[in-house]
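In the two complexes that follow, chain A is the common piece, with chain B as its partner first and chain C second.
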Partner chain A sequence: MTIILQQGINGVVLGSLYVLVALGLTLIYGVLVQINFAHADIVTLGAFSAYFFMHGVGGGYLASIGVSLIVGGALGWLMNTAIFAPLQGKGSELLPLIATIGVSVTMENAMLAWFGPIPYAFDSPYSNEVFRFGGTFITAQNALIVAVSAVTIGLLYAFMKFTFLGKALRAVAQDRETAGLMGINPNQLVMLTFVIASALAGMAGAMLGPVLVLTPFAGTSVIVKAFAIVIIGGFGNFEGAILAGLLVGLIESFTTQYLGPGMIDIVVFALLLMMLAIRPTGLIAEKREENV
Partner chain B sequence: MSDAEPARLTPARLGLGPIGSRRLALLCAALTIAVLPLVFTDTYWRTNLIVCALNVMLAIGLDFVLGYAGQLNLGQSAFYGIGAYVSTLLITRLGVPFWPAFAGAVAFSCLAGVVLSLFAMRLRGHYLAIASLGFAVITYQILLNWISLTQGPLGIYAIPPPPPLTLPGLPAIDFHDLANLFYLVAGFALLSYLLVDQLIRSPIGETLTAIREDEVSAASLGMNCGAWKVFAFGVGAAVAGAAGGFYAGFVGTLVPDAFFITESFTILAMVVVGGMGTLIGPVCGAILLTLLPELLRGIGDLRLVVYGVAVTLVVLFIPGGIAEAARLALGRLGRSSRRGGAR
Partner chain C sequence: MSMRLGDYRLAAGAVAAVLLVAATAPTRAQDKIIKIGALLPMSGPGSYFGAQDKQGIELALDEVNKTGVGGYKLEVKYEDSSCSPLPATQAAKRMLEQYKPDVVIGEECSDATLAIMPLMEQAKVPFLNAGSSAIRITEPGNPWTFRIMPNEVMQGVDIATNAYTRLNARTAVLLYENTNAGIGNAKVFNDTFTKLGGKILADIGFGRDINDFTSIATRVAGVGKIDVIPTYTLEGQGLKITQALAQAGVTKGGGGQAIQLGTIWLPFGFEQKAGKTALGYIRIVQFDPTDQRALVRHFVDAFKAKYGQDPTHLHAHAYDQIALIADTVKRGAKDAQSIRDAFAATKSFTGVTGSVAFDKTNQNAEMDTVHYMETLPDLSWKTLKWN
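== the complex of A and B ==
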């Protein structure tokens, strides 16, 4: 029982990180119907900028999360300006996807050249503090991850639901042309989405740096799961991504416990392929079916 | 891909149209293959030549699925790996001779392609891209974790090259010699080119292009889109499986890392840089992107950045790749020479 509870906690920690990454992907898909493969490298670069802010500049860990948030947002602005905006309206849905694969390969190998393949020891001051209750425990770092993720996701949800900009964003996601006719500038909102989505990715990087192994490939291992989450939750579906993210986190921790860590990707992607075969619209069905 | 008008990119416009010039092109290709190992005599360059030939096969296979049928398949690395592991395991575990094992590898990869395409029948665009990526991840993880079968990350060592080929009246052709191995692989690359070329010129090619351009219209004209997608995936995967069958005997060792998903991206880069939806383009793309990093060894780790930068720039500025760039350059040349003649 304790083991199940403990793995449940671990799963929620992992899941809340995945949700942060997957939400960005699903937000971008919502307004642009495009996938950003380079999202992974924004996560990695977020982790590295937090690392160098702490170990190079000597800043605090909480401040470094803020730094990676800003770095991520800036990268999102750059991605949209350089890749998605110029390719918009060229009529092909695959070209931007392929271009972001190109950007991802570029960034990954550039980071590999500059930072090297050897894992960095990213020490968070909260990693050694442990809260115990019953037979289970959670490190302060993991508690921080869950808390920051929950607050961020809550704020984002409130933003989408209750503010004018959030409503405009959802309007663009539903119908770009009509939203444009109502006086909303879709291009500005797409940019806003990119900045928010990438800021989330950068922040996720800063928080997973101390938990996972920090190498230039750190983001890639997270992003393949984020893709699975986005599909399991339903492309462009906010609530679906949260649910699926936590589900994949739990699957990962329980698979590690009972089947071995090598089985994680196999179980997650088998679930993905099953979902695609049975219910391609995702856990929470939506009316978006043009790609299925 | 609706902006890449298929009519503009037909091989006929590239000067390969009439039967006579096709035979000439084939002859030139065969001659080039024959001469190359004689020009490059050291092991290093001959090894690169074989890698080129393997990549050409992989690119042709992906181009058939992506460029003609319009399905973004990120699982090419998996078919490559399946081909390599199936042929090697048949040889080392069951003692099957090379050529039957090779045929088995091609058949098994083809089957894997068909299985993946059963998902592709219902999915398009982004969903298919992620599903095929998922397929590649699962295949890689199975190769890595099924240690009793594949020896996992330790790898399989000392895989022999294909056995000597004895043709009546000729001395045996030994494939320990890299030049002979190159002739073999390049011969198969040429064969796959001709096979896919024939398919594209047949009505099948037009059917696939129609599905790529507008699936609904194609279906309304009575085309069975699902079945043709299965066919395209099967052919693409079989070609990649054949490349895999040669890979194991050529490199001699087999580790799962050679078939990680980044390999799919590399193959995608070759097709995109060369020019999707043409056949000669991806061949050029494969050769260029194989040799370019070798020529850039001086800049160290950054040489792999070349792949990423090349793909990004090509998509942004010349979505038709090398093939389109060459067509534009030739067109300009033709126009200026005509103008010169008029004067």
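== the complex of A and C ==
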């Protein structure tokens, strides 16, 4: 029973990590109908920003999360301004998609050149603090990840549902042209989407840094799962991504316990294929217009 | 018209002569160069191998090329083989076609090394490996592939025997990445340990894409009293496993009883990154920095002078690869075939990692390249002198 409870805790922690990464992906898809392959590299850069803020500047870990959020947001602004906005309306939907691959490869190699290939030991002050109760345990870092994920989800949900900008974003996601006729500037909202999604990715990097193996390829190792989560949850579906993230986290934990870690990808991606075959709209079936 | 044709012929002849001279001139210049191709992982999760290997190689080149050896200078061209079969094969083909090396060194990862070997055999270029452990690299033996590093059987039998006899371990959990080297090393430990009377409580393989090891540590914590945990991974995952096992209270670093056992896959500095969770970790390294032999002291001093840091065993085994090639040239080797023959005849080479004497399968039969280290509470090392 203790083991089941412990693996449940492990699954929720892992799921929360995946949700943090998947939220930005699903937000961009919901508004832009665009897949951002550079998302993983923003996560990685967020992790390195937090690391160097702590070890280079001497800042605290909690403050480093804010720094990564800002770095991610700034990068999102830069990417949209320099690359994606100019490509909008150039005729092919493939252009921005290919551009994201280009940005990803460039960032990965730039980080390899700057930070080197050797894994960094990114320990937050909470990494080695372990809470034990009733035979189970959770590190303070993992507890923080769950808390930050929950707060982020809550804030993002409130922003989308109750603020003018959130409503405007949903309007653009539903019908960009009509939203434009209503006085909403779609281009500004596309920019806002990029900034929010990238800021979330940067923050996810700061949270993941102490958990992941921090190298220039750190984000790449979680992005495949994040894509799977976005598909299982339903492309662009906010609630679906949260549910799918937690589900994948739990599946991973219990697969490790009862089938072995070598079976994780088989189980997760079998679920993905099953979802595509049986329920291609995702766990929470909605029309795309109602997403985000 | 005929005169003009004759002029053309004359001009064509002159151009051909110039081209011939131009084409042969570099060849003459290269006559005194031994071309070494280095296939190293410079990207991906194993890229720390390549970065450190390169430093060891460059130091050795500086030293050898100061005076040259037997009238030859050594030249190295690097290609990124990425610790993975497909990029390693592509890099090897590029290297063979474009650079035409006399000898090739590398890879670190067994899967990549196994992929490169047939290409080297086909091209008849000797291939010197110092970092891969899979038994299939030298069993049944490939005439063009030579390995300095002890293979997985030599390492696995030795570490399992030491665990049973010196640590009195009777139970073990195996943790390993699902690669040729990971599976092979774990199997040898399993076979040897079980034969001696030990019991394997869990046999857990995982992919290189696993990031969070808390679930694995939870499973390990639930299998009962564990004496040793042989772990076969690259550095990044190794760090996370060590931390997760300590957090789960399994290993000495987390207040438990189990001792983690590791291999030469991990670089120096691992303990400092893992922190107190690495307490009691015993692992094999291919180079003992406390070794007092003059050769080793010179290497350590020269490395510090060039790079301002202490050398690791990866630096050391890369340095030894170049030193061994220089040794074959000193013994009269000058091209691929003669370097291969000189490798095969090597019976008493002494490097900074230990001795080299190739057996009939081209495996180094000497065990003094295996050094055991234990991590102490202050995260420094104690040499165990088990070999």
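The rule is short, and it goes like this: the second predicted complex is superposed on the first by the 288 of 292 C-alpha atoms of A that agree within 3 Å, B and C clash if a C-alpha of one lies under 4 Å from a C-alpha of the other, contacts with A are read in each partner's own complex, and residues count from 1 in each chain.
Methods note: a contact is a pair of C-beta atoms (placed from the backbone, for glycine too) under 8 Å apart; a residue touches a chain by one contact, two chains touch by 3 or more.
This is a predicted model, so every value here is computed, not measured.
Q: Looking at the superposed three-chain arrangement on chain A, would you call chain B and chain C a clash or a fit?
A: clash
Q: By the touch definition at the top of the document, which applies to A:Asp265: first (chain B), second (chain C), both, or neither?
A: Touch partners of A:Asp265: chain B and chain C.
Q: Output check: A:Ile98 vs chain B and chain C. Expected answer is one of first, second, both, neither. What do you get?
A: Touch status of A:Ile98: first partner only.
Q: Could you tell me if A:Val224 is touching chain B, chain C, both of them or neither one (first, second, both, neither)?
A: After superposing on A, A:Val224 lies in contact with both chain B and chain C.
Q: Of chain B and chain C, which one touches more residues of chain A?
A: After superposing on chain A, more of chain A is contacted by B.
Q: When the two structures are overlaid on chain A, which partner does A:Ile145 contact: first (chain B), second (chain C), both, or neither?
A: So A:Ile145 meets neither chain B nor chain C here.
Q: Is A:Val213 in contact with chain B, with chain C, with both, or with neither (first, second, both, neither)?
A: In the superposed model, A:Val213 contacts chain C only, not chain B.
Q: So, does A:Ile42 touch the first partner chain B, the second partner chain C, both, or neither?
A: In the superposed model, A:Ile42 contacts neither chain B nor chain C.
Q: Does chain B (first) or chain C (second) touch A:Phe137, or do both, or does neither?
A: second
Q: Just to be sure I read the superposition right, which of the two partners does A:Ala241 touch: chain B = first, chain C = second, or both, or neither?
A: neither
Q: First (chain B), second (chain C), both or neither: which does A:Gln6 touch?
A: second
Q: Quick one: which of 24-32, 78-86 or 348-356 on chain C sits on top of chain B after the fit?
A: Clashing stretch: 78-86.
Q: Using the superposition on chain A as set up above, list the residues of chain A that contact both chain B and chain C.
A: Overlap of chain B and chain C footprints on chain A: residues 112, 224, 260, 262, 265.
Q: How about chain A: which of its residues touch chain B in the complex?
A: It comes out as residues 29, 33-35, 83, 86-87, 90-99, 101-110, 112-113, 224, 227-228, 230-231, 235, 260, 262-263, 265-266, 269-270, 272-273, 276-277, 280, 291-292.
Q: Could you pull out which chain C residues touch chain A in their complex?
A: 42-45, 47-48, 50-51, 178, 204-207, 209-212, 214-216, 218-219, 222, 235-237, 239-240, 243, 247-249, 254, 267, 272-277
Q: Please give the residue numbers of chain A that touch chain C in the complex, ascending.
A: Where chain A meets chain C, its residues are 3, 6-7, 10-11, 13-14, 17, 112, 116-119, 121, 123, 127-128, 130, 132, 137, 139, 142, 211-213, 215, 217, 221-222, 224, 252-253, 256-257, 260-262, 264-265.
Q: Spell out the part of chain B that touches chain A in their complex, as residue ranges.
A: Per the stated touch rule, the residues are 1-4, 70, 72, 119, 122-127, 129-131, 133-135, 137-138, 141-142, 144-145, 261-262, 265, 268-269, 272, 300-302, 304-305, 307-316, 319.
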